[in-house]
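Quick notes on the structure that follows.
So that you can tell them apart, the chains are marked A, B, C, D, E and F in the order they are listed, and the count of residues begins at 1 in each.
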Amino acid sequence: MKTVEILVEALPYIKRFHGKKILIKYGGHAMIQEEAMDSTARDTVLLKYVGMEPIVVHGGGPEISRAMNKMGKEPKFIEGLRVTDEETMEIVKMVLVGKINTSIVSKICFHGGKGIGLSGKDSQLLLAKKKAPHIIKDEKTGEELEIDLGLVGEIESVNPEILEMLTSNGYIPIISPIGIDKNAETLNLNADTVAGEVAAKVGAEKLILLTDVPGILEDPNDPDTLIEKINISELDDLIKEGIIKGGMLPKALTCIQAIRDGVSSAHIIDGRIKHSLLLEIFTKKGIGTMITK
Amino acid sequence: MKTVEILVEALPYIKRFHGKKILIKYGGHAMIQEEAMDSTARDTVLLKYVGMEPIVVHGGGPEISRAMNKMGKEPKFIEGLRVTDEETMEIVKMVLVGKINTSIVSKICFHGGKGIGLSGKDSQLLLAKKKAPHIIKDEKTGEELEIDLGLVGEIESVNPEILEMLTSNGYIPIISPIGIDKNAETLNLNADTVAGEVAAKVGAEKLILLTDVPGILEDPNDPDTLIEKINISELDDLIKEGIIKGGMLPKALTCIQAIRDGVSSAHIIDGRIKHSLLLEIFTKKGIGTMITK
Amino acid sequence: MKTVEILVEALPYIKRFHGKKILIKYGGHAMIQEEAMDSTARDTVLLKYVGMEPIVVHGGGPEISRAMNKMGKEPKFIEGLRVTDEETMEIVKMVLVGKINTSIVSKICFHGGKGIGLSGKDSQLLLAKKKAPHIIKDEKTGEELEIDLGLVGEIESVNPEILEMLTSNGYIPIISPIGIDKNAETLNLNADTVAGEVAAKVGAEKLILLTDVPGILEDPNDPDTLIEKINISELDDLIKEGIIKGGMLPKALTCIQAIRDGVSSAHIIDGRIKHSLLLEIFTKKGIGTMITK
Amino acid sequence: MKTVEILVEALPYIKRFHGKKILIKYGGHAMIQEEAMDSTARDTVLLKYVGMEPIVVHGGGPEISRAMNKMGKEPKFIEGLRVTDEETMEIVKMVLVGKINTSIVSKICFHGGKGIGLSGKDSQLLLAKKKAPHIIKDEKTGEELEIDLGLVGEIESVNPEILEMLTSNGYIPIISPIGIDKNAETLNLNADTVAGEVAAKVGAEKLILLTDVPGILEDPNDPDTLIEKINISELDDLIKEGIIKGGMLPKALTCIQAIRDGVSSAHIIDGRIKHSLLLEIFTKKGIGTMITK
Amino acid sequence: MKTVEILVEALPYIKRFHGKKILIKYGGHAMIQEEAMDSTARDTVLLKYVGMEPIVVHGGGPEISRAMNKMGKEPKFIEGLRVTDEETMEIVKMVLVGKINTSIVSKICFHGGKGIGLSGKDSQLLLAKKKAPHIIKDEKTGEELEIDLGLVGEIESVNPEILEMLTSNGYIPIISPIGIDKNAETLNLNADTVAGEVAAKVGAEKLILLTDVPGILEDPNDPDTLIEKINISELDDLIKEGIIKGGMLPKALTCIQAIRDGVSSAHIIDGRIKHSLLLEIFTKKGIGTMITK
Amino acid sequence: MKTVEILVEALPYIKRFHGKKILIKYGGHAMIQEEAMDSTARDTVLLKYVGMEPIVVHGGGPEISRAMNKMGKEPKFIEGLRVTDEETMEIVKMVLVGKINTSIVSKICFHGGKGIGLSGKDSQLLLAKKKAPHIIKDEKTGEELEIDLGLVGEIESVNPEILEMLTSNGYIPIISPIGIDKNAETLNLNADTVAGEVAAKVGAEKLILLTDVPGILEDPNDPDTLIEKINISELDDLIKEGIIKGGMLPKALTCIQAIRDGVSSAHIIDGRIKHSLLLEIFTKKGIGTMITK
């Protein structure tokens, strides 16, 4: 009896998001832990079946480093950015496209969804260009040094044609954050940024980032300081005040940009909580942080 | 949290019935009592939103008699069958099409469904012919008497074109059990039969009859004798044995015929129970009686 | 031989109105008298078959009052406007949707048209809101009194989607002037106004009002003063001068508004004349009054 | 008033032939005489506008001979069959396609139809092969002689694709009886045969041959012996009895074959009578001879 | 081996012009000489098969004069313009539509293309009006004389609907330069102008004029003075300086106008060179003169 | 000049294979050597642009072994079959899907094709099941031993829906030979078999296997013994006679099966020869071995 009452309570959400595109970034725990990924995949299929159009983007940093270690190659980072030489790029592709993406596709299909794996190379979905060199300051001399990060790219344009065709024909696209430049060179992209830019390009209703934290916290060490709802100008202020920092900073910037580009709301939620995706969509309170215009 | 777990549990049912037509006969309490009708309408809209194709047929006997009384015309029945003269037919049309159907449409629309009211006259949806006279036996003399029931019809053919167009364009059709014969004469039809024949014609997955009893009971006076699942040959046997009788008999016959004509399952359920429609579709056990091949 | 010459003479009209929507308001005699309605229905079907897109709106005032009397409820009017309490509204729905609309559908279908009955409730075709109270002046005191007319509405918006789908698939929609407000409350609407607003919304070529008078008369008592053609600014002048009054006034205002909203011409014609509809469309002179920009 | 009554009388015919293909062979007077052709073209456009799908095939024997004479080339016939050398074929093409066909197209367009001229060469509409030599008997010696008629062909296959595309997009195709063989050689075809074979291939409802006689006459010299209606086995008998002969014989054979191939009825009518086409279609009695299964 | 290397070299051109409309004017040698026309037709079919959308317009001046002579009618020109009385117009139609157009269609079909012959009369493709009288100066007196050229027209509008339908369904349209005016009068049109105006109307990528000269020559008598590439303002200058004159002048003006109306490039090439059409499209250097914005 | 003559010579082949699906198995040299793969990709794009529908399947054995060695895992084979434990399967996926497939996609896109990478997991394109254990004979004892090859599968069904959607929308699918079983387990598949089964399922015209040998040789050591053309019953005989053996045997069996399942011809050609793909399709003689019914 409870069961159906809850179904009925979900109706307003189902109606509101009917036919709307929902861009979901799989990250952290939700992607590494087998059972969590299975559960997230099933939730994604549910969204499709009740009439929404989920599109998945996934990351994969830790897996890449693990694979590199296994292959006897040491991962190298400069100020948190992965230096990507050709050999590393090869490993990145293998792990993201060959391993993680295919796993997600398997799980989506297993739960009855028509999952299709894509990378930014497919039909030039993500046209990118090499990033400008990274500038670091020599702590001692104060000199600025240009560091070439190698095959790291930034998106120049998203080609939504293939996504439109797939979603309107009942498929769920799963995208690896790999770009291609004009000379067919492969480039490593930031998964959050890819999610944000794709969300904007396809006119998504929601951008949902699954992470390993409860959301945006005023004090990163105190989960009780979770910000449940914030608009982009308030969020901007928090950034300027230096309250948002570390790994949360690029995520916050991605959300702000996506909303400026027309996405209705962005959500940073805790992928470690079971069914966090559904909790965010189908309950009034939601979980994590909701960012709006 | 509970909420979303239940949603996830509903996924297998949502998948199984995705794109399938569900023929629902609104009857009894579920139609007379304002709040019950509202709840049933909302449940019907939910089915549409999660990907099924509900089609509604409604009855209305008690309302008709009430309206006739109000208009100073006494309802007349012979062995439970309404004798329908022209004046009665006029009242039947007004009550079914003008009152009950429009109420259902209102409620469906209010809950976000695109409801469209139809009668069998619309684009000759239900082509009918006058029923043969009813034969009764004079209890004293044993003589057989032919009683003309007037404008009472039986279906000759269902024209599904309009239903296909409406359902595939996102609408929920609501059908009054009024037929039309070749001379454009209006005929009174049995709502259960209409539901069964339409279900067969459109290739429905399920035929669900909402009633005021718990389902088929071995002993009509003992709700504990509910038959939860039965196949049509077993049901046939019960009929032959005289166990199924009274108002349940025509319903049972309708279900048997619908399944013979290709409907996957028929359900006789208690419309007085809130969300009985959803309980039947979204829970393993269901409620009421399920009839299968 | 005569036959085919006349067909050939009709060709220019058939060409000119090919694929154009023609909004026809059935009213007065053409709706009450059985044979007249049959003839009008057949003419409407003819229009469809020769390539036009007729859409019908019907009225029904006298029938409603008759039914109310039958049910022992006295019709109440204030300055010509029906006061509509809940019980009256119920009767209005039954008569318009259940009786008159179904009769028209029967006749349209009998003559080979694919008629579909609609009310403003179907898929919220006519979204309305309650009218502001009617102001009357106390003749003695000169005081202004607000009279609540009850469930009488005015159109807020017409949702043409269902009409486009039906006409482009070969159907002839027949619309009862019943509206629905945001709370699913049923409201009584003026049929002429409905015809005018629907005509404007669907981009009709013509709005044709079938009435019981020859058209607009300079002297209502002298049929010889028929105005055959008039533009809206001239008609406006006649209204200001008080020459148009009584029941003709709202019809004239409806025509003016429809033309301002883009309908090419409006026609007020005598539905008592057999085939008046066709005479208006297929002859150079036409009958009744033609109103143009 | 008369006008519209006649329109209404035409309704049953308009309904019956709605969306049906009508194959019309323009011949004799109806093609040679300017005014008659204009009238026939207008009637053809009328058929299109009231919902039928006319397809025109035209002949042109007399015009060809006239042009040949003008060019100083003497027409040559053997037992009524035109001997067609290359030079003659060139003239045939110029007259049929360049002169007659373009004239018909002009007139169809002038009356508001979207006429498109075609020959059997267009997209290989009429694939043909050279006819076997004609056998004649030497009257004196009784010897059989093979006479090569030159570029005279018989149809091997009709390619209806272009006709389906044109008719379903609102066009009226006008076909010259010119065929093409596998080597792109042009061949002269019999127009009646072309009309019959195209009618069969496109599944036409009617094949109408416009001629210069009242129809099939039992006595060719006595118009009072007109056969109004005949079935194909009766017609077969008349042929065997030698009653049908001369120019009527191939027409009769064409009609029989077309009906065997699925055309509902074939009509041989007098194109000299104004509006004969419409008289045949829109009146109960029709004119000329109707041939049925 | 050579073969496939060349195919691969053609790929960039095939890609660049994929799905683009190419308007080709068949003229001069390429139309008169049997083998040349065959080769040009095959090249045109090749363009279609590798993904372009060729549309052909043809001329026919010399053939017309030859036919007139044969029919004992002397061609008459005033300052190079054909005086076209009714009899001449008849011959023009017969030669262009009946002879030349059908020949091209035959050849296109023979090589596997779905050729369809059209004239400007078909569905009023080329709506024209009679040209204003031609003004000539009496050499002696200096007086200006108005010369009526008869049935010579200029294009008022091109109706591209039929061309869009044909090309998108796989057909290759072949157009005779015959126009029709509002009264269905046939008018003689300049083929180059028709090609240019159709190119502009359908948004062609290229306009290619096949001629009997190498292209635009600075000195008409010296093939070594060929201008390989020129933009329209430079070409305009050459015209003003009087360097472009004679038969080349109207061609040059047509090209300028087409480019002003949106065609990307115009080409005047030598149809006497085998495969000149393909050489122009598939080689970097091209042949003849290319005119660009 | 040569250029265009060759283009024209290709026309018959372009016509014959227009709209036909061509299944190409990339293998051996054509996949390993950078430049060779680039050239093959460009040739594949050319096929698409001239109207065929190429679908690519690729292999990758040597790359997999190389990657395993790099990761310190020794490849293990039993009678030429790779033993695939879970760790190996992970590497197989990474190499095939992450590395080889993305490289091919890059090259296809670089040359202007809309390449899309797929594995058998995408929308369950290749549903497979685990292979029965491999039986080997102990050379000494003569005992039969069952060897479990691990995650090696055989195809149960090909789901062509995604391929139809992609090819008809202008895409070139590139498929990795990875299957998925009913429990979402990943299985290693033989690439030649995948190519053959997909070819049969999509109704391909041709199956082309790119290899590192000239074709089927009667004497594997003597290239002069190349069999240019053979039908399947002759090939069957050669197999029975033991003439076909080693790596060629499974390829031959795949070709026979594909042709039995309706593929028109199968080709085993030398991918080391530049443009071998085009040479096979666009020249009369072809290269390698052609197998027909």
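Definition applied: contacts are C-beta pairs under 8 Å (C-beta built on N, C-alpha and C of every residue); 3 or more make two chains touch, one makes a residue touch a chain.
Source: prediction; values computed, not measured.
A.B. asks: What is the graph distance from subunit C to subunit E, where chains are linked when they touch?
C.D. replies: 2
A.B. asks: Could you pull out the chain whose C-alpha mean position is farthest off from that of subunit F?
C.D. replies: Here the answer is chain C, farthest from subunit F.
A.B. asks: Using C-alpha centres only, name the chain that sits farthest from subunit A.
C.D. replies: Relative to subunit A, the chain whose C-alpha centre sits farthest away is D.
A.B. asks: Which is it for copies subunit B and subunit C: same residues on both faces, with over half shared, or different residues?
C.D. replies: same
A.B. asks: How many angstrom lie between the CA centroids of subunit A and subunit B, rounded to a whole number?
C.D. replies: One centre to the other, that is 49 Å.
A.B. asks: Just the number, please: Cα centre separation of subunit B and subunit D in whole Å.
C.D. replies: 57
A.B. asks: CA centre of subunit D versus CA centre of subunit E: separation in Å?
C.D. replies: Inter-chain centre distance comes to 35 Å.
A.B. asks: Could you list the positions in subunit E whose residues touch two or more of the other chains?
C.D. replies: none
A.B. asks: Is the way these chains touch best called a line, a ring, a star, complete, or other?
C.D. replies: Basically the chains close up into a ring.
A.B. asks: Follow the ring of contacts from subunit B, passing to subunit C on the first step, and record the chains in turn.
C.D. replies: Traversing the ring with subunit B first and subunit C second gives B, C, D, E, F, A.
A.B. asks: Can you check the complex and tell me which residues of subunit F touch subunit A?
C.D. replies: Those residues of subunit F that touch subunit A are 67, 70-72, 90, 93-99, 101-102, 105-107, 109-110, 114-119, 121-124, 162, 165, 169, 171, 178, 180, 183-184, 186.
A.B. asks: Once bound in the complex, which stretches of subunit B touch subunit A?
C.D. replies: Of all residues in subunit B, those touching subunit A are 1-11, 14-15, 18, 42-43, 45-46, 49-51, 111-112, 274-275, 278-279, 282-283.
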